[in-house]
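Here subunit A shows up in two complexes: once beside subunit B, once beside subunit C.
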Partner chain A sequence: MEALLEITPDVVAREMLTMDWDEPQTIERSATAIKIRGLRKSYGALEAVRGVDLEIQRGEIFGLIGPDGAGKTSVFQILGGVMQPTTGEAKIFGQSARETRSSIGYLTQAFSLYQDLSVAENMRYMGELRGLSRAEIQRRGMRYLKLFDMDRFTDRLAGRLSGGMKQKLALACALITEPKVLLLDEPTTGVDPVSRREFWDTLAQLSADGMTIVVATPYLDEAERCHRVALMHDGVIHQTGTPAQLRHHSGLKRLEVRAADLSRAETLLCKVESLADVQRFGDRLDVMARNAETAEAITRATLRSAGIAVNEIRAGAPTLENTFVAILRELNGEVNTPAFPVRRKFRDRAPNAIAIGAHELHKRFGKFHAVKGINLEVKYGEIYGLLGANGAGKTTTIKMLCGLIEATSGELTLADEKGGFRSSFVRQRIGYMSQKFSLYDDLTISENLDFFAGVYGVPPAERAEKMQWALEFSGLAGRGNMLTGSLPGGWKQRVAFGAAIMHEPSVLFLDEPTSGVDPLARRAFWQMINRLADRGVAVLVTTHYLEEAEQCNRLGLMVAGELVAQGTPTEVKAAQRGQLIELNTSAPQQAANLLKAEMESWRVSLFGDRLHVIVDEEVLSAIQNLQQRLRRAGIDVRDAYEERISLEDVFIAVVEQARREGKVAAED
Partner chain B sequence: MKRIIAQMRKELTQIFRDRLTVALALVLPLILLVMYGNAISFSVTNVAIFIEDLDQSPRSREYIAAIAASRTFRIVSLPGGLGKDEALAAEVVRAVITIPPHFESDLMRGRNAEVQWLIDATDANTANNLRGSATAITQSFCRQNGLNPTAIRPAVSAEMRLWFNPGRETYKYIGPGTIAVVLALFPPLLAALAMAREHEHKTILQVYVSNISAREFLLGKTLAFFVLALAEFVLVVSSGMLLFGLRFVGDPSPFLIGALIYLFCCVAFGVMAGTAIDNQAATIQAVSMVCFLLSFLLSGFIFPLSNVPSIIRWVAYVVPAQYFIEITRDAFVRGGGWSAVLPGIFALTGLGIFFLFTAWRKMRRMQVNV
Partner chain C sequence: MKNLIHKIRGLRVFVLFLKEMRQSRRDRKFIAALILPPTVQLILFGFALNPNVTDLRLGVVDDSRSVLSRELIAAFEASGSFRVKTYFASPTVLGQELSAGKLDAGIIFPPDFARQRERGETAKVQFVLDAVNSNTAGIASGYAQRIINSFNQQFFKSEAGVKLDGATTPLSARVALLYNPGLRNSWFILTGVLGILLILNGTLVAAGAMVKEKEVGTVEQLLMTPAAAWEIITAKIVPLCLLLSLDIWLALGVGWLVFDVPLHGSLLLLYCAGVLCVLAGVGLGTFLATFSRSLQQAQLLSFFVNPPLAMISGATTPIEAMPMWMQAFTWINPVRHFSTVARGILLKGAGIEILFPNLLVLMVFAFILVFFSARQFRKQLG
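Up next is the complex of A and B:
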């Protein structure tokens, strides 16, 4: 196979100059791009889409958000023209979705890449299927790979790219036909925060150039970057509007409460009738109420009487996630985590006994040094979060820690043992939930649970009870005979989690347990993880969702196979130099582009509709500086203030810093 | 057309990317070829027999010498204490020959002498072969000794002559058949797997979204695996000629044309199977069972179709190997030329088109079936 995308300095230079679109389109925001009327779709007895009406404007980024199993994927498949609706119609630019296929780019949940073809071959095939000429494929392919910083990897097999890279390649393949409409079905599931942010910057660029983008995502901070969003639940659209409209629709105010014992504070405040909702986010509680002043008074009083110290209470506008969770609770009722049927007595251990220990842990795959001298200790009852970009070596580390792969060198401790991790005695005491679902797609949910109960040695007398619990936890009670393969991704994750803890392990490894899981279910996951830790289970968890990482007792940040930072969330954040300034501007995207061009790009990031800028100088002068710069470009700064640095800011800063120091991820 | 080529190139890239599969696709057929070519043989040699000579005369010893001289039989003595019948039952020997007393004197007096051959007929085919050999040996014994052949046979004898394969070399019969059976298995299996993989890995969705038509998609796949099948064909036929000493009898062009159509037909079957079953594990089972067993049992490879009950024979009409075996036997053994193979070629063309059409009907909407 000849090299399709040859990179010569000359080509690169030319491409850099012509990064604009082939046909500069005059953008009419008012033109309707997608029109959906009375759409319904049934699979046998199950009605997944129950009458959807939508109109999406040209050049709009339209977010379809909703819990797992709301029917989002069905809508995407119909819009993509790959499935017939049962009734109703979906028109794209006045034509049926089927007829306009050639102007649609569709990114499915599974990315649809050929793992055994190289990056260039994948792009070439996709381009040729759409009838593009070779020259065109080469020119456009080059442009997108360059744009995504992937032009070095044209010869790499798609199967050997990391999650973030696969996603970018899939997007490049979808873009190569320069579609008018781009359909993205949960494109950022399993993708690290850095790549996710870059991905959304690209989308904003595409939309500004006139492309219509419809995107489904379980991450609501991403949904904030959509022009409009629709909340879908149970096959029906409940609310449509701009993120701001949705946020204010509820009429609720938000209080950020920072207190000493958050989980106890949450339980207490949840019982207070006059507060509309209490949600845990990282290192704070969000209290939702109609009236901010009375809510603050009530909160302070409640916590004081329980002897919990309140560090800070701040009023703010509700986020999209606040609203989403509040609406879903209204529609669905609270997701109650059913009480876990505990049948085993937890062994008494010396305080500070080490459950998971690693000393100078190394792993080499041939020439590739994947894990470079990791030292970590997790005690019983502790939740340890392992964070890192895709390809940083987290999964390899977990697999070594639980004995699935042999370490090249280093000492390991697991569940009080120094070796023989694969013995049934040790395995009985550990639980492992892998990144890719370890469930059998061709078995029913009950059969899967039964199988795992069997292999992990759950006593027969307890099985029925444990399986019932797992089903209830997954929200699938009474649906145990569904085929696992037919479940949406988020639901599979819940079943897999249930399956991993049925045997009451004392050490639990969770590799991206909440990837692709909706916000409500994510809460249930963490509730359960916290409960297990309270019982003395040692939990090691990886996640790309850094808000939930704040719930860990300790964190380790991995970059290119090394642990570069370790400590409690507070310690990790305190170690970050610089101040964070949050800006509320009239044109967030343009403001971000402008500032990124002027300062190091990692310092600037979009959080929803707000701009985060990390500065080293003094806060007040920095704010003035930023305001002036933006005003010169005609961008109005509505509000600017110092904000606490979030874990995500730290993560991005650390990863970028490591990159600049030449520590690079596996694929660089 | 451009899209067909794009599809084909992508398939070929995937095929050759996976070195192990390519190696297996080319080597396994060779192994099968060697195995079948040697394991399946209808010639019977070296069969253990016991001779009970009650005459103990020079003539009887001559008769025994004649038997011993044939490659078919190997004379053994019975282990102590074992009777004739027990030896047969225990499969120590496959035949027991009893030469009666007065054998020599009967022959000298021009009387009919009777020699008893007890042959184990558990395996009817072998028993038949042994009977033939016994008769032949006896006849030649009579002729050599200037005896009236009627001494052992009825007066009327049919003079038989074997055509086409005068030496009755099994290779000439089995060899061509093996080529057909081996080619019936691997190309369709790989084609079906590639098809099922698109469903299993959901890459098919990207294909649905693009504007390639079902026709182009299927043709692209078929062509790619046709190329692979062709490589396998060249390899298998040339090794077959080498191993079995097969030589074309007459014009090879009907065979070559027939082979191209046969390969197309096999690959089309695989593509159809992969389209109908979208799961790789099930595909492997379905294709290997159908292709292999049917090509083995209902193609006339070993068992002549004329012996198959007529209802089952109808099934045999849709087994492509059946037609191709006829074509190969014609090319290597009979040399009947175009007129002899034309019906087979038409049948294969029809079947191939039918398979592809069925696949197209399933795919034609290029949408998720629910």
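Up next is the complex of A and C:
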């Protein structure tokens, strides 16, 4: 074992040097790697893919985006040679997908690793399966582990890696055969923002080496890092182009509006006809309109007449997510969150009554100290967001808070009780949605809902309307007889959410409820979460979408089992020192690599096609410095300005700093 | 009435029960496990575990060349147990063939065989057997003995009135074969295997069902519902018992159709005993599930439990053949008690007044196993 991936440092160094760090745009991309013509796929009566034509060039990162159930996974399965199309063809380097299977790396949503083999053993297994020599496996294996910053963990069992690490290992295993084409179906679902960025940095380097990458993702900021993107909806491709083309296609301008009461402002502005679209992003509203000036005037007038103070309005280019949501709204119509049929009175409680409380909460698994003295309080009517990287101890904390596992030490309060969380009396008032597997795959959707309604004792008279509501909320009305296992991940999450709140709980635990859910449905989720909180429900939620987290009343940021920051989103952001500079450059990936090499890497991160740099010095001189540095490398800075620090910036900075200080015990 | 149905439907246990039933309905493997193994195993055991020996290859050295010797050879052939393969000129060649494994048995008639008989002496024939398989050899020698005995009887009868006036009739024991007049071995085997099957299938299916939610990961979500542990466990055990007890009917059907197993006693009593046996199996399976994280683990564990249970039960082999210390173990084996009950009811028509000790032991076993395994499982849930 020890000898397996041992390699002398100088060999590694040489490996690193031979890697091509060039910006992807510079490679010649003439050869067609993938050609899809008239592709169709039916499952019985359901036509999942209805005529797709695509051409993907060698070395390209091609993004496939679209809502849940658009048919993306079907396309991947056909390309991966796992499934035959009903009609049409998919050629990879001129051959059918099945013939070229050996030169394809395919990474699915589920982890395809052997949990009880170590990192090195997993890689060796994959390599030996393809007949690679041991020396070759060592060379390549070490190269990718080094690239993914995982070379310290060769002895770690795969099952004990965090989610992000598992995905990186799975990618490394797919890469060890050096495929020409890499197919990635939502590889970063459930992976924290820092790891997601690292994962994409890796993809950029692989593409620069000439690898063709097709990737599906529900994160639109990731899609911005693709060379080209296709928007798929209902089995058909609607638009294809570079992210910039797609963004400008609509011809809309974007206004960032920061106001006092965002949710009320959103409702008001949505009603204004002359504004094309209004979307909530974290602590701001994005208003889309043809003309920025008139839109600003209208917005100001509307909000002033409603007595909502406007803090700031800034014009900018629309993001891919703006465009995506706008197009989907056009295609789908607005996702209406049906009114939840409330049948129970909410018990009157003393103001500020604690729904979920923890004092000095500890959890040890053998030697591993997973949770280290957490203190938190969630009041009724409050939304508390628990944030943190994969493996920071969020899920363990939630399980202790809701009584699923015993705390090693500490005091807990739950739904007005100090103990006996396992009694059905307490359970009755709690809603829980676990990270995964919250529904029975071998039951139909209706049977699942029926079960959860029954087991939570929803009175039979109310069951029909509650189940109908859950189906409508999931966008699955009339499809209750579908087997739950056949649903795409995002849809399952919606059903699971519906199932978790049918009994009108007063305390709600949601562990990554929106992971893998498309942007439109995520908005419906948060609308519902907000409504529940307005009724007095205490909500504890975890998420890796940090702009969602801005909708929480309070946040806790966990690093390596500790709560390192707590407060309202504004307080948490204010605690971050330094100023944020947003750079709009001609070659974002290259610029990021360059700056990361020159300054502390936590200060630099990519947000879509923009670069965020946190600096300590005065903004204007910092901008000048950055511009000079980049210009020397031949990178053109189109725009540079000070930007408000977002939650995601704070998250990245905190997690990266903790890692630098060697605090992230879960990984080390 | 309608109110009652409404009430039952509202019970949490019923909701859980309904969920389990719906899940098993879609689980093809589960349904296959319910039907296929019992059918196949009953038929296999019924035929394969049959100790009756037929068509043994017989070599003959007939130096007597008499009517008498030919008649005895014919009697051997007519029994169906032996088939004359070759006639040999000398015993030496026969001996060689026997040691080469080309023959199973040999019969050697001395030249004066018929004459001895005529003189009123006891005619002697030599019967040799390949005793490598001692069991088969033992059975075959028994057959040969029986054939010669009945040949003797016939011979005496036909001659008695005519020639041997006043001669003493040779003694012969008269055996009365009760309950299984045809000495059908399959009846013994089937009634025993029925018990093994119920326990074996019960253990495997229950272990699978219990470990499934742990394996898939839904157990957490289930534990967060107000459902109490006893409700969850009851809702899992009851459908299992209901479905597995269908195997009793299936097995009886196979026994009746293929092996003509009779039914002399109460079907209801047999069914009740079967349910107790299934419960014991389910209890055992649940117990194994508490130690396993996946179906495979549970099934591997069951390899340590099920074969001993089957072997030390007297279901397929006579208990009397085991060493004394091992015979003691059969008393704590539910399969033994169920076999006794099944044989009593099916073959003898025995009623509860005779079988109650076995039934009582079976019941105690079933409840102890279910109780302890459920407690263990619940602890693990918590």
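We take it that the second predicted complex is superposed on the first by the 642 of 668 C-alpha atoms of A that agree within 3 Å, B and C clash if a C-alpha of one lies under 4 Å from a C-alpha of the other, contacts with A are read in each partner's own complex, and residues count from 1 in each chain.
The working rule: contacts are C-beta pairs under 8 Å (C-beta built on N, C-alpha and C of every residue); 3 or more make two chains touch, one makes a residue touch a chain.
Computed from a prediction, not measured in an experiment: that's the story for all the values here.
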item	value
Fit-or-clash call for subunit B and subunit C when the two complexes are aligned on subunit A	clash
Which of subunit B and subunit C A:F452 touches, first, second, both or neither	second
First, second, both or neither for A:A301, with subunit B first and subunit C second	neither
First, second, both or neither for A:Y440, with subunit B first and subunit C second	second
Which superposed partner A:A477 touches (first subunit B, second subunit C, both, neither)	neither
Touching partner for A:A244 - first (subunit B), second (subunit C), both, neither	neither
Intersection of subunit A interface sets (partners subunit B, subunit C)	442
Residues of subunit B defined as touching subunit A within the complex	2-3, 5-7, 9-10, 13-14, 17-18, 201-203, 205-212, 279, 365-368, 370
Touch list for subunit C against partner subunit A, complex	6, 9-10, 12, 14-16, 18-19, 22-23, 26-27, 216-218, 220-221, 223-228, 382
Subunit A residues touching subunit C - in the complex, by the definition given at the top	399, 402, 404, 422, 424-425, 427-428, 430, 432-434, 436-443, 447, 450-452, 454-457, 459-460, 483
List of subunit A residues in touch with subunit B within their complex	1, 43, 77, 80-84, 98, 101-102, 104-106, 108, 110, 112-117, 121, 124-126, 128-131, 157, 173, 442
